[in-house]
């Protein structure tokens, strides 16, 4: 990027980051109030049947849950500013909630990344081909297929995949992230760790565990990426510059790559970034079906156990990730679209 | 400089659009004309008259589905309509080039202008990007873009409308084609720029000996540029003639009408007389003259018998009741 | 489907990789080959429903934590495999004083903790002093101690625990402030496991601290040292597996499996599928619906004797005056077709309950007859009480299954239909178990509700004492019933009887009274919880307390 | 871009706005090829579009089934006819037998009847959730679009924030708050999630119409603001709203199933709904997958039907796609 454009872009990023932190603060307040207004609570989750009013009061006092909510919130903010998010009470009691996020997050990234990858690898070529044969049987069939992806509840698709590939045919593992091979942990990304440490059986096992959940989860971005690609390619094919390119006698490959896809990819790139939110929601369902130890599963357990610290951290971090990814998408948009970049 | 063997010979070109369940529609209906090397030929008519479809048919750029093309398009003795798509690809940009109407939308917004020039050279001249760059800069200089070495890195949105059109012309002329088709190249531009671009085109065509097909709705454009003019209406040529005779003595009521709707500096005080109605009022050519409903002097025969194109003394006319006294 | 590790070519690479990634945590190289001589070399993989919270059972309240701790630790008093009866554990025998306040334990000799330190009288007293001496956070976390002993050192006057004295190396005197039926059975609770004092000092075992909305536990809680048949090798949080290895120096029979792996799979049906796929060898509490399918696939479904009670609690404090009338409560009892309920809704081996404790508990009264299903009687009792057509706010929990209550909603539907058949208007309420249901039950928000209890150890007090002993606050609102104080006093009196037979008699009488004269709630049924292992597994002895030790378990190939 | 939560919301926004823009085209301010209005020409294309026809066929069949369900169902879906055969271990789910072609569920109730009656309940959930979202969106969108100014800014801020949260997570949160879960809390949760979609759609179409000829004309004639809104602007916005509604209906049905799967659905199953049936079949998946298969298949087919219809109509209405 030329020097003169760096200034505005940097300023833009800083402004976005400031706004972002504002949103996170507001969100943290809303989240705090929401969690505290949920029926039930940490204490019930810890004590179960044996909760007596005394043990309840004792625990509430010890946890500071008997204080007024505004006081609890200030304490929470104070701690959060010091980087302390509190200890978990349900998911992994005693562990710092942020550590739990750090332990669990790589799993979700691995899963989401592979899901996006699958979706992109299949959806973009399919979207292109469908657009080129607009109205033909291939187009209609792939449109219907992509909409089936929308119509099938993701947890049911997850179950179907598991039922056939894992249980019935025994091709892939049923659940979890890896067999207990005693693998070395470096980054928390199991596939990567295995490659780094050359424990290739670990990578292989992790990959096999990833396939089914990733395909299930891929159904969410797949439909969207396909439709956007198809629509974008249709739009671009109609553009004059494509006709110009044809008039120049350029080869099909150059026209497809430089003139059609490069332009059509602009909305597609944005869309892929935007799928992060939907992916997180889908991950909760998918990880539940595959007992895949990511933040989706942790979120479900934390919710069930009313583990406030963990819920707060997970949701705030999810929101942060979401916002950061959006920012990255906007920046990448600026990078790939000269009209934005050199404005 | 005009030789007798035509460079391009279009014979009985017919393009029919059809959609499932709808009446097929003939956009171009038996059009024939010739272009000799170095000659500038105009195709004139309102939007919807078939002039753009004709040019696209010559270029082989019509959509692959939903239309049928018949007739012949002989270019240097080869019928372009029978070429395979790959062979046609080899010719486009090298032998025949085209400049489109809207210079902004005709340039790829995400690719630097320079690359859009060099890619033609890479394709047809087999040059590398690196070798093509100075050539491209030179081309840009030739079409009058100042500081081409810097401009070559610009994106289309960073250029003005006129400059973009110049860049498009540079792209079209990059491989020194023998035929250039310009489809309304000035319509989207400011009036002052229009004149510059037309002058540029004229200059370049004369310098390089490139034949030019000028497609426009604006007889004013034709007047300054073309050797021969074809007037199209409803997919058929209704009148043809060399520039001066045609302008001086338009025989077809439509040509006459078109001339009448041009503001003229030498006719102060005269009212402009637009042609009434629109293309939607057309009759089918089958048993009538399509222009009859809008014609200023229709006779009974016009709605009963299809007029034929009759040639005489280098002019051609398709009319039952030609204009005797031009307005 | 089984996953066979293609280990051979990888081992060499692994060693190299380990050298490269010195900073990474690994348990890969700590193989178990060296100890193969002591027993089998197999691995037993168990599907756990949840993660163990920590490895110091003193601060734990949940079954998944106890399940792991139980393999690592021993208790002074142990439970005989397959029963709820006591047997010698780390203590070979025990003797109470005449007033039941001083208990002398004779310890097993030659026992060592896995860190090599000796288990002796001093270690026992250090354990108890440690449990007794808790800071505020620790006191709140140590629920079982608070529950059974009442208080900690800071409030010593209200504590049942008085002191511990070592007499020589192998004799310990534990003193309590009042005689109680809980002693010594409560010492069999996994929470009161004997842990290495040296390791606890080193890991600062008592330093529980409040952090945000939860507690943080000291380093020791992740590095437990006990005397049990296994020791902790690794807890892979990211991969949700806990790996234990055999303690080859265990004082008793050595464990048959070299390795014990707990794989955490929160979802019930997924555990089933993993067993089908062969990647785990067993799991706890299979859904009764799956029992048949599991057996058909050749697995062993071990049904434990029921040591629980499922009841329909009634609470007049929620505002329904009719519930203060014994006739109304009896009418409700007669209205329920429990025979059919047990046959169609509960697992095989479930029984209709006649009182608030299962048969195995000392103090169970075998003479009590169940309330018969009698719609007419129910109607006439309601009429006598002037409560015909009464409204009942009746609740059940969602998002939960308990051993005594496999499918709350189905049970609810059945009983609701029965109630409606005698003209009662039922207002249905439901909440997630942790999402307000338990709060509302203890907060007296429901007239009637489902709840139950699985015994911690064999004591009548652990059942009816827990239910009705605390007059001020119990879930049956007995404070608002005229019999409430009498019941509470009688329970306390029975608990303090030192002589076992006399005490048993007192509880039998109390049970009869509770069922016939008081009826604070409706005891419904006892359901046997099951545990399932694959056909290759041998040596599993199911425990009524759902407290299996896996030392005897082996996977035959 | 000023809103930091932007892009995700932005793309949803863009999609909605594109649809909203079609309402102006419909109202005739865009020059048209003679003889065919936009709707008519859209219909011309749709009539021949196999994707649309498939969707329409499914939808019509589903609605018909839902209407006649109580008379078609062979048995009462709430009565456990085969309860006597239910044994928790040996026979938890009775199989097919004469009169019960698909067998029964775990409470001995006829599965076929439950599926048939389920069509009606599913339609109810879908329609009411959509209607709720529409009415909420109508209030907000009309406020914002008709009055503009600070009302507009305020309303659209709220709407944008709501749009930036993934809809399922929002629905889960809302239903977790319900004190007495029922069919209506499910409907409410899904409806609330859809409010911003409709609000933005209606506002967009109002805004684009405010400057359109016929509204300007009406204003010039001195017609009251409210009359302009309700008589001129709203009717013109209906096209895109109906398209969006068909899409939302499908989403509502799927979201209802997800809520049930997460244990947040309607606990009362005497009048079954497909999502609920699917959610409740979880514990029988291993041995009795047909309990999950049938309701899942129904959901998929119906959701597909609505989506096919909605998407193809959207495309047909999109002026860009007419070529």
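Per-chain residue numbering starts at 1, and chain names A, B, C and D are given in the order in which the chains are listed.
Operating definition for what follows: a residue touches a chain if its C-beta (ideal position, glycine included) is under 8 Å from a C-beta of that chain, and two chains touch if they have at least 3 such contacts.
Computed from a predicted structure; not experimentally measured.
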{"item": "Chain whose Cα centroid lies at the greatest distance from that of chain C", "value": "B"}
{"item": "Middle chain, criterion being Cα centroid separation", "value": "A"}
{"item": "Chain A and chain B, separation of their C-alpha mean positions in angstrom", "value": "53"}
{"item": "Interchain centroid distance [CA atoms averaged], chain A/chain D, Å", "value": "25"}
{"item": "Between chain C and chain A, distance of the C-alpha-averaged centres to the nearest whole Å", "value": "38"}
{"item": "Residues of chain D whose C-beta touches two or more other chains", "value": "176, 179, 285"}
{"item": "Contacts with two or more other chains, residues of chain A listed in rising order", "value": "38-39, 288, 300"}
{"item": "Footprint of chain D on chain A - complex, ascending", "value": "16, 19-20, 22-23, 34, 37-39, 140, 143-144, 147-148, 150-156, 159, 163, 227, 234-235, 238, 270-271, 273-274, 276-278, 280-282, 284-285, 288, 300, 303, 322-323, 326-327, 329-330"}
{"item": "Contact footprint of chain A on chain D as seen in their complex", "value": "1-8, 10-11, 50-51, 54, 164-169, 173, 176-177, 179, 250, 254, 257-258, 261-262, 278, 285, 289, 292, 296, 299-301, 303-304, 307-308, 311, 320-321, 323"}
{"item": "Chain A partner contacts - residues on chain B that touch it in the complex", "value": "59, 61, 88-94, 97-98, 100-102, 105-112, 115, 119-120, 123-124, 155, 157-158, 168, 171-172"}
{"item": "Touching residues on chain D, where the partner in the complex is chain C", "value": "83, 86-93, 106-107, 176, 179-181, 263, 267-268, 282-287"}
{"item": "Chain C residues touching chain A - in the complex, by the definition given at the top", "value": "1, 3, 5-7, 10, 13-14, 16-18, 20-21, 23-28, 30, 45, 50-51, 53-54, 61-62, 136-137, 139-141, 143, 146-147, 210-217, 221, 234, 236-241, 243, 261, 263-267, 270, 273-274, 276-277, 279, 399, 402, 431-439, 442, 451-453, 466, 470, 472-474"}
